[in-house]
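In what comes next, subunit A is part of two complexes: it sits with subunit B in the first one and with subunit C in the second one.
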Partner chain A sequence: MLAKRLFPACTRIPYVIQKIGQIRESSFKSSLFLEDISPKPREYEVTKNPVDWDYVQRLLPNTVVPEPVKKDKYPSGWKPQAENLSELPYFVQRTRNHMIPCYLRISHLKTRRTTLLKNIKGDIWLLEKEIKDFLRPQNYQPIRSQVNEFAGFIRINGDHVNAIKYFLENKGM
Partner chain B sequence: MLRNVCIQLKNGLPKSYSTSTSSPASSELAALEPRKLLFPSNYKKPRQVWLESLDTIDERKLTILELHPEIFAANPRIDLIHQNIKWQQNYRYVSYAHTKSRFEVRGGGRKPWPQKGLGKARHGSIRSPLFRGGGVVHGPKSPTPHFYMLPFYIRIHGLTSALSIKLAQDDLHIVDSLEIPSEDTSYIDELIKSRLWGPSVLLVDSVDIMPRNITAATDTIKHVNLMPAYGLNVYSMLKHDTLVLTRGAVDLIEEKLLGHLHKNDSRAVEAKYKLNQV
Partner chain C sequence: MSGNADKALNILKSLPRVCLGNIRDNPGSRLGTKRGRGQHGGDKHGDGNKGSGQRQNFMRIGYETGNTPFYMRFKKEEYYKGHHLKRQYPPLSLLNLQKFIDLNRIDASKPIDLVSIVNTGLFNISIDQKHFGINLTDEGADIFEAKLNIEVQWASELVIAAVERAGGTITTAYYDPDSLRAMVNTKKFFERGTPIPKRMMPPPDAIEYYTSASCRGYLADPEKISEERLVLAQKYGYQLPKIEESSEYEMLAQRKDPRQIFYGLNPGWVVNLRDKVVLKPKDEELLEYYAS
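Then we have the complex of A and B:
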């Protein structure tokens, strides 16, 4: 009796046990499962209709990144890579998302900024020279850079991401 | 006696080799069609290779095939290949080296001699690491697993690098199918000798049910191995002198690797083995 007066919830325990069947300390599995309240499985038939299948295919998610739709100008300012660049001495391969693989890397407590250009094929030394020649008029300090021919990347000291993207877009890459 | 029974069983019972699934005529026709490359490159030209046949001992070229440059002419990153080889060696390695610490070595509970008065160094236990027969400090403990997972795209680029290196070194051959006219071991031996394929050869097909003749012929040669395309790995490619792919295997490998290189949700495969995640 004393317990009932102290903890009024104790009187409700038999009701909860009837409703759920088992009582736990936590809220884990204390509510009804989804399968208990879901409607009964519907009846269906399997058909092979190519017209219908087109609608199904439209709903399926893409597994690979699709080719961009060709336009003269894109509202975002993005430019596609030129069609045939096989005559160029060097080449920068776009990423799978059709972007130029040029990134800003910040390190050493946000004090060091380096620009990384990846996926370079062909004459990487010529590309480095041309990028440096392009950047030199805009910078009063000498431009330091590192070329890794083996892994195909160039690292340049400072934030030159937009300048390098502009340079490469003008080359068609 | 048990050994004799075993040998009798081995010799007497017919060996269960796998069976062929497709007829050679249709597969040969399919193999001669030119290939259509997915995701064509803007810069690199496709690599051209001869399509050969295993029908005759001497080399017989059927046609020229084009291979995707992103898979078969990739940058030969030997650092990634090294990481793949080390990973393949290590993830299955468990070290059973074991040593006992000073508390696991038997005895040593008593102070060996009084602290003072003998002119000797002070010691509390004869199993201290300073003692001969004492415990080992920070020694190896058994079992120590060396399992880890290499990042997904290092595994993918390891495969493309190894395939490109094999092709560049003229150690990659493409055949229409693995059908050979006889199940004699000497046939495949002579074929490898006459084509200068080196002693060890890895034959890769797209399916894991290989034709009967090739399984029977290579069964007793330990350095000529068969492998389905889903089992292709960097270690085996480097272990064998020559890699022989069927046309179907080339199609499958290229499709899978290009699919991963142009995948929409690459984060899903990368995040799977990431540590320190909830």
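Then we have the complex of A and C:
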């Protein structure tokens, strides 16, 4: 009682000191292991075999998209871009994956479908006219479109992705 | 009959018939619904009083703004029960595989496995969503012409037939999630500096598939597989190409060990990408663990 009066701080044991004596018996870590499981130094042989390294390199991914090799036949239906396209008044550049940059865009709670053709160079207005002439016989409704000459894209109302891809493939694009 | 009547009949003959395709209302006979304002009917416009409907938040299909929806009102068979625990195999079609080969994204002159398909950057699996590898699907089976040695995790009979008709070989193999984690990003795995894991055996419900010769399982007897190749060729009616006489026989016959996850590299090895060396364990205990 005397000590309590002299040093009132001693009556309350600080939280940090309380924690030192605690054992958490609820955890599996509180019981000892039957054997020593600390990592042992293991012996390794360092090898520099070119055959092994060839197999390692095969597993590493390409950092760039490879160029397609010229073949007589492409069974998947993909066609490479023709080479003599400089005579045409317009040009559609392929994507980095060697595909035609024509996409379907769905918006407004999936009710609006528009076709976007990108990467157009040259006479974009002529290309728009030719695409519309190509699509007109297959479509009952008039075809609405938007041309952005600066950004080089054409946006057409409706889903015409496959038709436009077919049209451009026939042109050699 | 008079000339005029004849003319009228002729005109009628050439005019289009009245049918369901061309009848329509008289112009102006139908009025559209008006959305009145204020005292002229401008109240809720059919959207109800308060709640989801009025706020036009386009609720999900079947939602009845607070009622127990019709589709949840009655008992049903739980078709998808436990779907979150089942193994998933994301699909890759034969058409897309052919396209990868046409576009030089995959080298068909070497054995193809999950690593080479994921390395194209055009296909990926997420292991945390219980994806266990590729399901090769039959879309494009008719045009498939690539002669290859492919290893997938799931394939139907038609897909096996399409690959073997083209002169290739197909194997179905199981990889545990730990092995898959090393395979989907090999560069990251090697940089981690951990040994190549040992491939685990398939779980009990997958053992049957991966030991069956008709599914071309990697644990099946090779003798039985060559027998099944002939059976399938007869079933689908094509001449089985003789791979033994092919110039690429060595590549087509290459298989991984059931404990191996990378071609040419054994489990337990550590690959050091910076120094370009491979570390192989010499410890007896490790060799015993990694032995197949």
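Some observations on this one:
In this section, the second predicted complex is superposed on the first by the 113 of 173 C-alpha atoms of A that agree within 3 Å, B and C clash if a C-alpha of one lies under 4 Å from a C-alpha of the other, contacts with A are read in each partner's own complex, and residues count from 1 in each chain.
Following the convention adopted for this analysis, a residue touches a chain if its C-beta (ideal position, glycine included) is under 8 Å from a C-beta of that chain, and two chains touch if they have at least 3 such contacts.
What you see is a predicted model; the values in this text were computed from it and never measured.
In the superposition on chain A, A:P61 makes contact with both subunit B and subunit C.
In the superposition on chain A, contact is made by A:F91 with subunit B only, not with subunit C. Shared-chain residue A:A82: touches subunit B; no touch with subunit C. When the two complexes are overlaid, the chain among subunit B and subunit C that reaches more residues of subunit A is C.
Of the two partner chains, subunit B is the only one that A:A151 touches; subunit C does not reach it. By the touch criterion defined above, A:L126 reaches neither subunit B nor subunit C. Touch criterion not met for A:L32: it reaches neither subunit B nor subunit C. Contacts of A:I106 after superposition on the shared chain: neither subunit B nor subunit C is touched.
61-62, 65 are the residues of subunit A that lie in the contact sets of both subunit B and subunit C, per the superposition on chain A. If you check the complex, the residues on subunit A that touch subunit C are 42-49, 51-56, 58-62, 65-69, 71, 73-78, 97-98, 109. Here subunit A touches subunit B in the complex through residues 61-65, 81-86, 88, 91, 93, 96, 121-122, 150-152, going by the rule given at the top. Contact residues of subunit C toward subunit A in the complex are 58, 95, 98-99, 101-105, 110, 115-116, 118-119, 121-122, 140, 143-146, 186-187, 190, 262-265, 270-271, 273, 276-283, 286. Contact residues of subunit B toward subunit A in the complex are 41-45, 75, 77, 79, 259, 261-264, 266.
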